[in-house]
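Shared chain: chain A. Partners: chain B in the first complex, chain C in the second.
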Partner chain A sequence: MRTKSPHIGILFFLAIGVLPFAAAFVYALLYSFGAVGVLNTSYTTAFWAAVFRSGEFFKSLGYSAAIAAVSVAVSVGLALWLVLSYRRDFEKKALSFVLYLPLAIPGVVAAFFTFQLLAQSGFFARITYALGGIDKARQFPDLVNDPWAVGILLTFISLVTPFFVLLFMNVYKNERLGELKTLAVSLGATPRQVRWRVSIPILLTKTRTLIVLYFIFILGAYEVPLILGQQSPQMLSVLIIREMRQFDLAKIPEGYAVAVLYTFIVSGAAVLLFYRKKKTADAF
Partner chain B sequence: MFLEVKQIRKSFGQEQVVTDLTFSLERHKTLSILGQSGCGKTTMLKMLGGLVTPDGGDIRLDGASISHKKPEQRNIIYLYQEDLLFPHLNVFENIAFGLRLKKHPAKEVRQKVETMVESLELQGQQSKMPHQLSGGQRQRVSFGRAIINNPALLLLDEPFGSLDAGTRQRMQQLFKKIAGAFSITSLFVTHDLKEAILMGDEIAFMKSGVLKVYKSKQAFIEDPETGVQSEIGFWKDLK
Partner chain C sequence: MRFSVKPFILSLLVLLVLFPFAYLGLLSLAGDWRFPDVWPAYIGLRNWYAVLSAETSLWQSFLLSVLISVSVATAATFSGFFISRLVYYHPKQHLLTLLSYFPYILAPVVFAACLSFFFLKLGLFGKSGGVVVAQFMVAFPYALIFFGSFWGSKTQQLEKLVATLGGNLWHTFQRVLLPMARGMLLVCFFQTFLISWFEYGLTSIIGVGKVQTLTIKVFLFIKEANFYYGALSCVLLILPPVALLYINKRYVFNKLV
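And now, the complex of A and B:
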């Protein structure tokens, strides 16, 4: 019985976790090459050629990667600063609640809040108007659906930072960072050297896989850029859904081609990440 | 005297942890301090290292008061009870840590670390990460990392407490050898009677925050309070 149970587990995982995803991927691949689909008649690379020719995918990929990179970098930096400066305060019950609360807020709700706060007809614009800072709504800076993705970035940062604060606090405790800092001081390190040579490298080394996974997660985010993003370029998931829901049915295979391309890139990054992690673990 | 400690005291709230601590130590000597858990040994060492601020008294090193100096300016290294290594650095970089802080030239760092690795019998382990090492190896790296900085005073807080008997014995021998080779001045805190006698040039006993330094090892052995006599009695009765 004991030898059978791991196989059952693997089969269950394949049936529930892998098979539907693989089937959907194959379907998308066939659709993108014209092999299946309402208007498709025969195999063609025309849809892929159209995707590469338009350049919208790469623009969208670059835009998404930039947003994900800035969001993760700012969140990680902010969380590091908070943990290294106010760790003891965060251990108190009231503040720990403040940390957990944003984790329970869905992305779509957070995006809606941001919209209500930062839009030209939003809360801050109204306060600024009431205080005499602006005469018309459009004088308020464009912070949502804007070209610099300020609204998207602020939403992601406010959602992701608490997660990294909790993560770093956990690593701080597990890695006995407090004692390592005292040890470094005893070995002659100044407070600045302790921060840059001990605290930050340990926290980042121990969490780098999760940091990369969060980057991938934001890269594929949908609700937040849908509500707060601009028309062009759009983040990847928004672009894919837009392509698939076009009135022009002939354009749908292009949406699938973009989805397949995106899946290849993200899967490749994930495989590389875990391969490297396993290689490092094996070396140890 | 190289190290002079005068009437150091420390309380945490109502509890007096260290009471009028006064003793001295010659250069290149090791003072063993025996005491049970919770008697104030660790607090005493941390005060000497500048990691805990005493309520009063004075600490003088090589004739100069260091009581108001920051820990990083004292050139006193406190070694933890456990073999605490930096988890993000390999053996080489752990040992080189103090030298890198002081921005020694890379060539000098390499040369010094390689000499230290040899002294610690850790050849071929330089690129390993801390979790790839055994307890004894980790403790040796910990020693090397402290000694390579040529500290004026080394404070060892039950350094072999977590090791098995065999490894502990080997580490005791290795420490004696290294302390001699690098002319180390140290305070060696332990709760093991035999270790206290073996490791120290001088010996002291700490109880309830009060330190008593013995004039000779014989005086230490003869004092019934240290527990040596009851230990001898136990082994005799066993025969």
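And now, the complex of A and C:
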């Protein structure tokens, strides 16, 4: 009996942890080549050719990657500055709980809130009107559903920064950065050198896996761009779901082709991330 | 005397954190708040009474969300704990761990869209059970990865010690592993609860609008341009996580790094 139970457990793991992903991927792949699905009759590469020809996927990928990169870079930068400047204050009881509060806000609520604030009839527009800055709602700058994704960026930054602040605070403590800083100072380092040569490199090295993971999560974000994004280009998940759920059934396979491409990219990133992490762990 | 910007920055930070809670709370109590008014014409409990009415069925959505999230969190936490032991002690540990990363890293909404055919065939489409199963598929890999750090050499040595002292697998779990992992189990439960509680895309695809959790309600109210009820749903969506965070604060981030 002892030898059988681990096999059952691993089978269970494969059934619920691996099989659904594999099934979803194979089904999407077959659909994209016309082997299965509504109106599909035989194998064809036409849908893939259409995806590459339209270029919408690459536009969407570039747009999503840019939003993810800017959101993560600004959030990490802000969090580093806050932790390195105000860490002691954050450790005080009242402030420490306040720092955790943003984690209770899901993407859908954050997007709704941003919409309420930044829309042309939103809270900021009303204040600008009250101060005499505008006469009509239309005069207020378009900050949601806008081409520069201002609303999306602000929402992601406000969602991700608190997470990185807490993460860096924890790494600071675990890596005993305070003691390392004292050592660096006693060896003659200036405060600037301590910050740029000791604190920031350690904080970034220890958290790089999570930083990359957050980039990937934002790349595939759905709710925030659905509420705050524009019609074109759209972020990847929004584009995929739009293509898959459109009324023109003949075009649905193109949606599956885009989903396969996205899965390839994200899975590749997961493999790279995992082996890099393993390599680092093996080195120690 | 030297001027310090610190109090201003810290006060601004606290204001920025508390502002969404205050604003959404106010919007949920508001009525007739039209442009260009900076303050609502009506503030009262009118919208909150609607929570109990059949018209909006928000109360039912709240209970349904709690039920789905508790089911997902319980199943993911316990299966994640027991299965992760097998995965992390397995000779092919690295390959198995890598495989568990894929569903975790993929956007849940895309995952659900590609899986919807199978849910349809299994008769799980548009059913609460289907949403629980789909959310479990996302929460389980998280729990599996989460418990990975628990099964280190220290735990293995303790297990060997129990075996040397004559304990069987049941004793090992009951007397050593489960008490040792109590904190982590709690954190994992909270985290997977939040994964499920915050989920929208996957729920909308598998639930097809029939399974109306709170996140689905928020979207419905946004589409209807009913921002007062939308804000009310947001407040209901935020309150349980705030309570959980208060309890969970000490544990959450110590386990992430």
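Brief remarks on what is shown
Definition applied: the second predicted complex is superposed on the first by the 275 of 284 C-alpha atoms of A that agree within 3 Å, B and C clash if a C-alpha of one lies under 4 Å from a C-alpha of the other, contacts with A are read in each partner's own complex, and residues count from 1 in each chain.
As a working rule, contacts are C-beta pairs under 8 Å (C-beta built on N, C-alpha and C of every residue); 3 or more make two chains touch, one makes a residue touch a chain.
These numbers were taken from a predicted model, which means no experiment stands behind them.
Looking at the shared chain after the overlay, A:P147 reaches neither chain B nor chain C. Legend: residue contacts after superposition of the two complexes on their common chain; A:R176 is shown touching chain B, with no touch to chain C.
When the two complexes are overlaid on their common chain A, residue A:T263 makes contact with chain C while staying clear of chain B. In the superposition on chain A, A:G132 makes contact with neither chain B nor chain C. Once chain A of one complex is fitted onto chain A of the other, the partner contacts of A:Q193 are limited to chain B, with no touch recorded for chain C. Partner contacting the larger number of chain A residues, of chain B and chain C: C. In the superposed model, A:Y86 lies in contact with chain C only, and not with chain B. When the two complexes are laid over each other on chain A, chain A has residues 206 in contact with both chain B and chain C.
Chain B meets chain A in the complex at residues 49, 51, 71-72, 75-78, 80, 84, 86-88, 97-98, 100-102, 129, 131-132, 145-146, 149.
On the side of chain C, the complex with chain A involves touching residues 6, 9-10, 13-14, 16-18, 20-21, 23-24, 27, 34-38, 79, 82-83, 85-87, 89-90, 94, 96-103, 105-111, 113-115, 117-118, 136-137, 140-141, 144, 169, 197-198, 200-201, 205, 215, 218-219, 222, 227, 230-231, 234, 237-238, 241-242, 244-246, 249, 252-254, 256-257. Listing the residues of chain A that touch chain C in their complex gives 2, 6, 9-10, 12-13, 16-18, 20-21, 23-25, 27-28, 82, 85-86, 89, 95-110, 112-113, 115-117, 121, 123, 125-127, 129-130, 137, 158, 162, 166-167, 169-171, 174, 206-207, 210, 213, 216-217, 220-223, 227, 236-237, 240-241, 244-245, 256, 259, 262-263, 266-267, 269-271, 273-274, 278.
Listed in rising order, the residues of chain A touching chain B in the complex are 175-176, 179-180, 182-190, 193, 197-198, 201-202, 205-206, 284.
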